[in-house]
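In structure tokens below, several structures.
Both complexes below contain chain A, partnered by chain B and then by chain C.
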Partner chain A sequence: MAENSQETDEQLLDRIGRDVLLAQERKRGVLAFRSAVMFMAPAAFIVSAVLLFPVVYNVYLSFTKWKRFKGYDEFAGFGNYERLTTNHFFTEAFANTAIWVAASITLPLLLGLGLALLLRNVPGEGLFKTIIFIPRILAPTAVAVLWYYVYAPDGIVNWFLGLFLPGDVDIGWLYQDNTITPSIIATFVWQSVGLVMVLILLGLAAIPRDPIEAATIDGATPFQVFRHIVLPLLSPTILVVTILSVLAGFTAFDLLWVMGTSYPGQRTLSLAVFMYFEAFQKGSWAFGSAIAVVIGFVVLSVTWIQALLQNHIDKMTK
Partner chain B sequence: MASSIDDLDLKALVAAERRNNRPNWPLAVLALVISAVWIVPFYYMATSIFKTTEEYSQNHPLSLPASWHPVIENAVTAWTNAKMASGLLNSMLYSTVGAGLAVFIAALAAYGLTRFDFRGRNLWFMLIFSGTVFPLQMYLIPLFFTYQGLNLLNTHAGMLIFYTAICIPFPVLVLRNFMNGLSREMDEAARMDGAHELTVFLKIILPNCWGPMTATFLLQFTWIWNDLLFSTVLANKTDVRSIMNALQTFQGSYASTGPNVVMTATIIASLPSLILFFLLRRHFMEGMRISTV
Partner chain C sequence: MTFKTKIAAAVLGAGALWASGAAADVELVHDKGFWSEALQEMGDAAGEMTGNRIIETAYANPEQYKAFIYTSAASDDMPNMFTWWTGGVYEDLVDTGQIAPLDDVWDAMIARGDFDAGLRDFYSVGDHVYGVPLHLSRWVALYNKEHFKSVGLDEPQTWEDLVEDAAKLKAAGITPFHATTQDGWRGFIWFQEIMIRTNPEAYAGLHDGSVAYDSEPVRAAFEIWSDWYQKGYFTDPRSNDEVADFARGEGAIYLIGDWAVGLVEAAGMKSGEDFSAFIVPNMDPKLPSSTILEGAPLVLSVAGMKDPDTLAGLEFFVSVDGANAWAKASGNSIGNANAEAPNAIVEKINADVAEKGTIAIDRWWEAVPAELQGEFVAEFNRFMLDPTMDTAEQVMSNLQSLNEEYWAEN
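After this line comes the complex of A and B, so read on.
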């Protein structure tokens, strides 16, 4: 007994045999891993086969030259990407996409924040919230069909403008180069601002009252309170909301596809539409996959920036 | 003490209090105007479906319909011309089976990721989760080719395989976080008693995960129900296409006799997800919340 109790871990290990213990440990690890793989295999297999393999295949395709009827492909280096830079449809689609990104960074956030602050000071907050949130439940396709008619030459937008403008207003919002993108962006904001507002309201509700009351007692104006207390505490929510809007705006397809049906320059509405056009209507598969890679590159960069900012905010709040 | 209370201007205090509680009328009017922008399109849609095509084209877009009867004819026209029956059935199949399978497979994976100690757990998680990192556009062309090669284009099976796959990664993230928070005592006890891992999963872990599983199921259900892009690319034939594809095709075709009919089709296509939302609002909101945290 006495001898045993004085035995150190080292001696114990020597007596039983280090190798045996290590082997047991390893065996347990292998068993655990084997069971875990049984559970993870379906998910890992399906995701790899149906989602990750296509991504790799897409990148490969973008470096090939595709002969339409032969199905024969040969390595083309950056040929498809060089073609992109000289294609004026691509340039226009890229410019429109840039407008979408700029609009989806600013508009949903500003409007959502404004609505959230407004609704907090108005009776019947719950009702207003529901009304503004409802479009979010509808499919983008359904919203697009509805607004296609709202923007029609004899639709309600023109009727409303006719109340203030002289003469018959029959602007073809969805037929003209300079109005179609802002019009569809307005519909996008109409649909998506409800969620942004709800998220900001959740963020506002989580802000403690004490510092706000303390500042008010010390004579801070409402604007100062908002600028120096509410806004910094709200920044994690703002970051999430902005990234969600940017990604949604950047890859928007349904709205543009349905609302742009009768617009002659539909392919230039955004990179997502241009890519669909090239690949599935013209059959330029390799060229289309190069556009998809450009879209992927931008989306991954945005996600990466989000991760960096998130880290930064986490560090500041800790 | 008494004097300090006397010093206070009680009337001013009460007035200030009342001022704070009184509704701010300019702001209330602003809120009303803003909500009109949200309501008017819905009012327009709701009244248009009760008009005949003639009535729609001759009257003001916001005028009230003469009677409610035309809605029946509109619905019948929309139903037959847009072939909504097959679209609705297909979308019902894709949404329930696709989202259901995806959440179950995700729960299995989350169990594997949280209940066993092995090296490279994070790597496995990253592998599965990376399925949501890429934009949808990167899947389209390769999937189209692969499906063509495997004869999966325009098949229910092909659509189900894709929808299941795309809906797996997000529930894995949610359920992994949730299962990490579940106490391990119960499943350790069952394991000591010699229960098989699958039994532990089905009998102990799964019953505790209904909340997040319902929330993620609803989110993925709506995603599949609303999808237009993948049905357009992978299943364009009438008997396999999704309801949103049917709606979009109908709107763009000559078969649509007038906006009143197309709007009726839009409402029919949206009803199932709207009903689901109002029945299960709490779970939806929970889903929205967890999807952004």
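After this line comes the complex of A and C, so read on.
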């Protein structure tokens, strides 16, 4: 029967014309492809013009000798990258950025997680969440200016400490080696913790109640529930938060630039500040572009490692 | 007149008005946001007096502005008229070939007797002059007249007078010198002043790499600076309201360009009555009287030079009417000898300069290679925040390390 049916099909194809059918199929495919290209074209154009082209162009610039008005079209090979390896400001900037990344991952995450757990289902939850989230909607530069005055020698912080300490409190929070980085990090945490808290609250809301209730009935303590159920189920949210924090840490600029302006040392020199300083202040565009490429490469690498870790965690928890 | 005719007449009239307005508007691009209103006032005056209204376009900060000009040069599309700085970055700008020589403009300025021929050199690169002064400021010591009067002081005529006056002020409970690290760039001011008062030759040598930043003349300057700090002669360097602090009476002597006179007046003091100025005397009385001269240039691109309206705008700026309008709007002088002095202090300093034959010295900021400015001034700020000789030694070592590296490559 099958052979007869196949023969019938073959006969049918012969009668209609196999080539005609194939041509019609190809035409439909071409039309579908053209439609898809037409619909994608605006988005593809915008992504290429706004995102891809500047990135590719920046990589190109990093291989030139462009400095102020000269060297725009002169090829430097890997000269700018070699210069990075011997520049001690780059080493300082890299070390400071590492501190920033570590702080921007751990502190907002721990505080955001704590606040999210603390504020869930408590009276006035909405008000508290709003208050904690407000700093996030302020421009980082405005926040930096605000805290610049808070930390001023005659600012609120010293005034407040003066209520408890003897004599005049005259700490130059933004003028001392040992206080400037913690002070700016505290400002960063103040501004970023609201968003982290909201993201974690969304993650918590998405966790099903069944496994938690089952574990509770089986006698699990709240910590055990958190450790073995909530935390693993929250890991996708935590991954998103850490990726955002890594990006924020590596690109830290506004707060450091504004609050560290008057500070002379290299403590506030992050990779992003170093890049801006070289490119915009000195006009070493090619060298600045090389720093930007390094930042991009490091961020991509770290994010890729995070994604691998997440895959690993997912497999372990299944 | 029919309805259609009325409409046609209105359209033609509006078109003619627009056309005449567009032809007379000249753009001036700059990074001096703090003079934005003053520049527009001046631009409006240009419109009223000549028909060529100057429209100012301010960039938020010098870095963004430099980036704009650098990229404009790369695409061969510079603004017609814009401001810049003297020093190495000025020479770099001229090297692009996109800036128009202003030799004819200067010939006319000097022929009218408006400007001193010597000033032309200040804006010259090679055989041609490429800029006219946007402002011309001498760096002098502004002083609080009430503080001086309360201690019975006159303006110091010698270095010894200055040191004695500082001691008397301190003894009377008044901090003699006002200096801060505000905005990150001010750290060089007192270093520059002490260097030109103690060893102007070494000061000049610092800028071509022939004198080291850890050499004896520099160490001697730091020793004076540190000693004055240890004696409590300076105000808190962490202030971020320098001008207002001086106007409030903090510090008796404030070393700054005379462009700050207008700012101090805006903060509440009246020039000539509440505060005046003197040229700081040299340590060695045999040295000629000198002041730091700062003068941002106003330049035209090659395309701007070809535009008659733009050229007319620039010519108005350096005319007597233009200088007076600018002085009234901003309190600045552009050095036009036939214009009125913008305030009593500039008038007095002009008289002092004429009497003493005071010579002009390049400001450290413009004289030092542009690539070193940022790191160097950060080191000076570091010293001001911890003004001991131990810090000074570290600062000198860091400065010289960067200096050596730069001059080895350039």
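Just so we're on the same page, the second predicted complex is superposed on the first by the 281 of 318 C-alpha atoms of A that agree within 3 Å, B and C clash if a C-alpha of one lies under 4 Å from a C-alpha of the other, contacts with A are read in each partner's own complex, and residues count from 1 in each chain.
Convention: a contact is a pair of C-beta atoms (placed from the backbone, for glycine too) under 8 Å apart; a residue touches a chain by one contact, two chains touch by 3 or more.
This one's a predicted model, so the numbers in the text were calculated from it and none came from an experiment.
Look at A:180: by the touch rule set out above, it reaches neither chain B nor chain C. By the document's definition of touching, of the two partners only chain C reaches A:282; chain B does not.
Touching more residues of chain A than its counterpart among chain B and chain C is B. In the overlay built on the shared chain, the residue A:35 is in contact with chain B alone; chain C does not reach it. Applying the stated contact rule after C-alpha superposition, one finds that A:54 touches chain B and leaves chain C untouched.
Contacts of A:172 after superposition: chain C is touched, whereas chain B is not reached.
In the overlay built on the shared chain, the residue A:148 is in contact with chain B and with chain C.
Common to the chain B and chain C contact sets on chain A are residues 148, 152, 261, 276, 279-280, 285. On the chain B side of its complex with chain A, the touching residues are 23-24, 27-28, 30-31, 34-35, 37-42, 44-45, 48, 60-62, 105-106, 108-109, 111-113, 115-119, 121, 124, 127-128, 130-131, 133-146, 161-162, 164-166, 168-169, 172, 197, 201, 222, 225-226, 228-229, 232-233, 244, 247-248, 251-252, 259, 262-263, 266, 269-270, 273-274, 277, 285, 288-289, 292. The touching residues of chain A, when paired with chain B in their complex, are 29, 32-33, 35-40, 42-44, 46-55, 57-58, 61, 115, 118-119, 121-123, 128, 131-132, 134-135, 137-142, 145-150, 152, 154-156, 159, 190, 195, 198-199, 202, 240-241, 244, 247, 250-251, 253-254, 257-258, 261, 271-272, 275-276, 279-280, 285, 288-289, 291-293, 295-296, 299-300, 303. Interface of chain A with chain C (complex): residues 66, 68-70, 72, 89, 148, 152-153, 172, 175, 261-265, 276-277, 279-285. For chain C in complex with chain A, the residues that touch the partner chain are 63-64, 66-67, 70, 73-74, 89, 92-93, 95-96, 181-184, 187, 236, 238, 240, 370-371, 373-375, 378-382, 385.
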